[in-house]
Amino acid sequence: MCKNATDRNEDDGRSTDEKLTHTDDNGDVQMVNVGEKPDTARRAVAEGEIHLQQSTVEAIRDNDVKKGDVLATARIGAVQAVKHTWETIPMCHQIPITNVDTDFSVHADRAVLTVAVETTGKTGCEMEALEGVTTGLNVVWDMVKAAEKNADGNYPDTAIRNVRVVEKEKRSDSK
Amino acid sequence: MCKNATDRNEDDGRSTDEKLTHTDDNGDVQMVNVGEKPDTARRAVAEGEIHLQQSTVEAIRDNDVKKGDVLATARIGAVQAVKHTWETIPMCHQIPITNVDTDFSVHADRAVLTVAVETTGKTGCEMEALEGVTTGLNVVWDMVKAAEKNADGNYPDTAIRNVRVVEKEKRSDSK
Amino acid sequence: MCKNATDRNEDDGRSTDEKLTHTDDNGDVQMVNVGEKPDTARRAVAEGEIHLQQSTVEAIRDNDVKKGDVLATARIGAVQAVKHTWETIPMCHQIPITNVDTDFSVHADRAVLTVAVETTGKTGCEMEALEGVTTGLNVVWDMVKAAEKNADGNYPDTAIRNVRVVEKEKRSDSK
Amino acid sequence: MCKNATDRNEDDGRSTDEKLTHTDDNGDVQMVNVGEKPDTARRAVAEGEIHLQQSTVEAIRDNDVKKGDVLATARIGAVQAVKHTWETIPMCHQIPITNVDTDFSVHADRAVLTVAVETTGKTGCEMEALEGVTTGLNVVWDMVKAAEKNADGNYPDTAIRNVRVVEKEKRSDSK
Amino acid sequence: MCKNATDRNEDDGRSTDEKLTHTDDNGDVQMVNVGEKPDTARRAVAEGEIHLQQSTVEAIRDNDVKKGDVLATARIGAVQAVKHTWETIPMCHQIPITNVDTDFSVHADRAVLTVAVETTGKTGCEMEALEGVTTGLNVVWDMVKAAEKNADGNYPDTAIRNVRVVEKEKRSDSK
Amino acid sequence: MCKNATDRNEDDGRSTDEKLTHTDDNGDVQMVNVGEKPDTARRAVAEGEIHLQQSTVEAIRDNDVKKGDVLATARIGAVQAVKHTWETIPMCHQIPITNVDTDFSVHADRAVLTVAVETTGKTGCEMEALEGVTTGLNVVWDMVKAAEKNADGNYPDTAIRNVRVVEKEKRSDSK
């Protein structure tokens, strides 16, 4: 992921405009140099939810009890999205992903996906966690399309909401 | 994208459980057979928003006036995500994308991204549009990370919200 | 997939050497021109098996009854491999995959994976089916590594065997 | 590749069921945390064979003497497959591949492919070696399709057999 | 590839500025809508050369006589690059590639690569041909690096030159 | 990138033929073992130019002043190409890219693209820089196609020229 996500200090005292660290003095898009950054153990957790009809949630629940394929497929899609963030987000660096943990909590009217990512790289991994959440929720949407859409083929009740970073950690005691 | 997104009729009268058309009678995950479906002109539009600090929105606006690189990068990320949906969403088919249109409207506290996708394939393209929206918004997040995060490196004000399909069309007069 | 897999007639009367249709008169590797081929409905089925310890098979069976994640993950890996064959096999064309059907039969000492692929493209799809089978079996191997390997970390009982094409069909009545 | 492939000790005393380390207590599929694992020099060798008609083997031999394109293309396909294992096998980590060595031995009725992979990463690399072998053999199949199939377009004599891990090494004296 | 490459007529009478058809009225980058374009048989040929030391050219020639691996590898890299153009060039559409033909002519001080691409899609394929040429020449460079660089590790004699489109064809008699 | 690009010494005294280090004693294509190489800070800069009509250059300039989307898109394409070099160039290793810097200088009749790449890996990164330059120039070509081609759809004035490595550095004082 991108260095500017990981070091607050050196951002202090810089104007908001200067803080668009992916844009150089000419306003040209750029990657950020992380060559001088040490390898550090980092962790980021993102979360988001997909709102569904209660009948769909029940179908997922039953299906989850039976085979769990809807959520299992979404978990796999989330893990793959985490690993592909370096090519999905144009200005991101590729970092070694050491762990991806996906958790679904299914409520009456929605499924909540939490994705925790850990790396030992030179930058943080919140973009990886966010990519895991949004892709995993899109996979759920894809798996329940027939159940969610109305006679016009539209999705009056389906929406992805409240995608955010809920935790970030940078362990100084990393090798 | 997946057939079950495109044909309501044959879903009618099927129980919600049967409507999980990516899961077969054994509950095993599966792709859906679209071999008998004709090529049809289809269009889907998805929309979503990223909530940001007002100072960040102003920086994007200025940057947009100057070079537009933040939003231009997000547009490119969105177009690439649309084209990669067949591999990002495990059970999706690859369909010929004939058009991708991305539009940002920047408000005081958020940027709203609308992605319209058109295809001449055998299935609908709402998953492509949704992938374009969520990825494009993630790219914006990546580009403004340094401006959005607080002294702890967290994002108290940043969130992706209200991602939904706003339009679907299936032109019968397609070749 | 590659044209030379799909048209026997024009191969007749050619020497075996000439039949290496991926190699031109100079022996240089080449793609095969399918521009003049009509779109045709085609189907290919490949099958293969992974030999495992009986205790591992039982663990998969239990796991399959409970959640099916080992085989569900292998199915998803197989479907993705089918869709990626055009880039995995250097001289293959990309064809529109209209259906992928994966089936596991679990025996006392092995799991047998059958992958059926259908296309409406200009070439056959047996390479897609073979890629689905070998990748799906590799995913099973990856998922049961800890159970299969001995104290030295080797796999005395694990092997992928008998991967072959069991069915090919070319429907002339295709649209 | 996946941690559970590399550490036997901590598996000891665990039931076979617990040894499905890609499945957590809920039976949900998961990646394995390798964050605490040191970088270690590791090597894995896999081997497999493709059975062919003798006339096809002779054509490959002649072709090999002339240009070597069939086997050269298969070698390149194998190397690329090794490098792509982290995305082909859903639960695998990406590890730094430091060496890939491919060797073909051509017999009267088959070609045997041996792929040796070395890494300095946190996990073993047998899945990379296995992916190299199965993909390389599939590339051979693709290159000789026209020569192998019969008048019905089927492959009565073609089969991939005996794919296994023949060597694993973990050097403790790694930097 | 992109529609604006393929239809001159509708460009007539438009100012050069309007001809930047990847930029809309707001100057925002965009894909071009090809939904109304018929499928047409198209062909494009691109050519380029890599200048090398004569001793390197001789090594390639000998190697070519022996095994042809340097040029065979470059051919495979070129074919793969043609197939990946839709993701390498951000605003390109994916089109069905029906044929790729690669030809090397080796001269005393350089190797010339010609790549011909054919498609039955809605747009031209010169970007595919250009991607094939530049990537194929980069592969040659990679394969002869040790022979080309001087004691400082630099490349005083190596250069890729004269990359251009040498032929374009659009057959009206396409199905 | 490939080891043989990074160590001159061990090449000394070897015949040109032996210097084709991607080809083993049998002339078979191979990757190069970098397992014993230390991680080192390395930098490579490549440069190349695309020749255009003056009217097109003016359109890019205006467009650059207004939104910069043509060159911004080319920059993004170049950065992505740098990150994908390990899969584009068959025998390359994947190395950690720590920085990519792209610079365009626009002249009356051409645009010159300079791409600087930095890594902390075991091999040099000139192939990454070359891939960034050739792809970035191809993106420019794609973006100005409508403006450059003549009534026959050909490109009499468009050409990519003078692609070369202009700088290489290997810092011994790397961590």
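Letters A, B, C, D, E and F mark the chains as written, and numbering starts fresh at 1 in each.
As a working rule, contacts are C-beta pairs under 8 Å (C-beta built on N, C-alpha and C of every residue); 3 or more make two chains touch, one makes a residue touch a chain.
A quick map from chain label to UniProt name: A, B, C, D, E, F = Probable cyclic pyranopterin monophosphate synthase.
Please read all numbers here as calculations on a predicted model, not as lab measurements.
K.L.:
Computing the C-alpha centre of each chain, which chain sits at the greatest distance from chain F?
P.N.:
Result for the farthest chain: C.
K.L.:
Going by C-alpha centroids, which chain is farthest from chain E? Tell me that one.
P.N.:
Farthest chain from chain E, going by C-alpha centroids: A.
K.L.:
Whole-Å distance, chain C centre to chain E centre, using C-alpha means?
P.N.:
Each chain reduced to its C-alpha mean, chain C and chain E end up 31 Å apart.
K.L.:
Touching two or more other chains, which residues of chain A qualify?
P.N.:
Touching at least two other chains: 27-29, 67-69, 72-73, 76, 80, 84, 90-91, 94.
K.L.:
Please classify the inter-chain touch graph. Allowed labels: line, ring, star, complete, other.
P.N.:
other
K.L.:
For each chain, which other chains does it touch, given as pairs?
P.N.:
Result for touching pairs of chains: A-B, A-C, A-D, A-F, B-C, B-E, B-F, C-D, C-E, D-E, D-F, E-F.
K.L.:
Show which residues of chain E lie in contact with chain F when the two form their complex.
P.N.:
Checking each residue of chain E against chain F gives 1-2, 4-6, 8, 11, 16-17, 19-23, 26-29, 48, 55-56, 58-60, 62-63, 66-67, 69-70, 72-73, 76-77, 80-81, 84, 88-92, 124, 126-127, 130-131, 134-135, 137-139, 141-147, 149-155, 158-165, 168, 170.
K.L.:
Would you pull the chain D residues touching chain E in the complex into a rising list?
P.N.:
Residues in contact with chain E: 67-69, 72-73, 76.
K.L.:
Provide the residue numbers of chain A that touch chain D in the complex, in ascending order.
P.N.:
Against chain D, the touching part of chain A is residues 41, 68, 71-72, 75-76, 79-80, 83-84, 94, 96-102, 118, 120, 175.
K.L.:
Under the stated contact criterion, what part of chain F meets chain D in this complex?
P.N.:
Touch residues, chain F against chain D: 27-35, 38, 86-87, 90-91, 93-94, 122.
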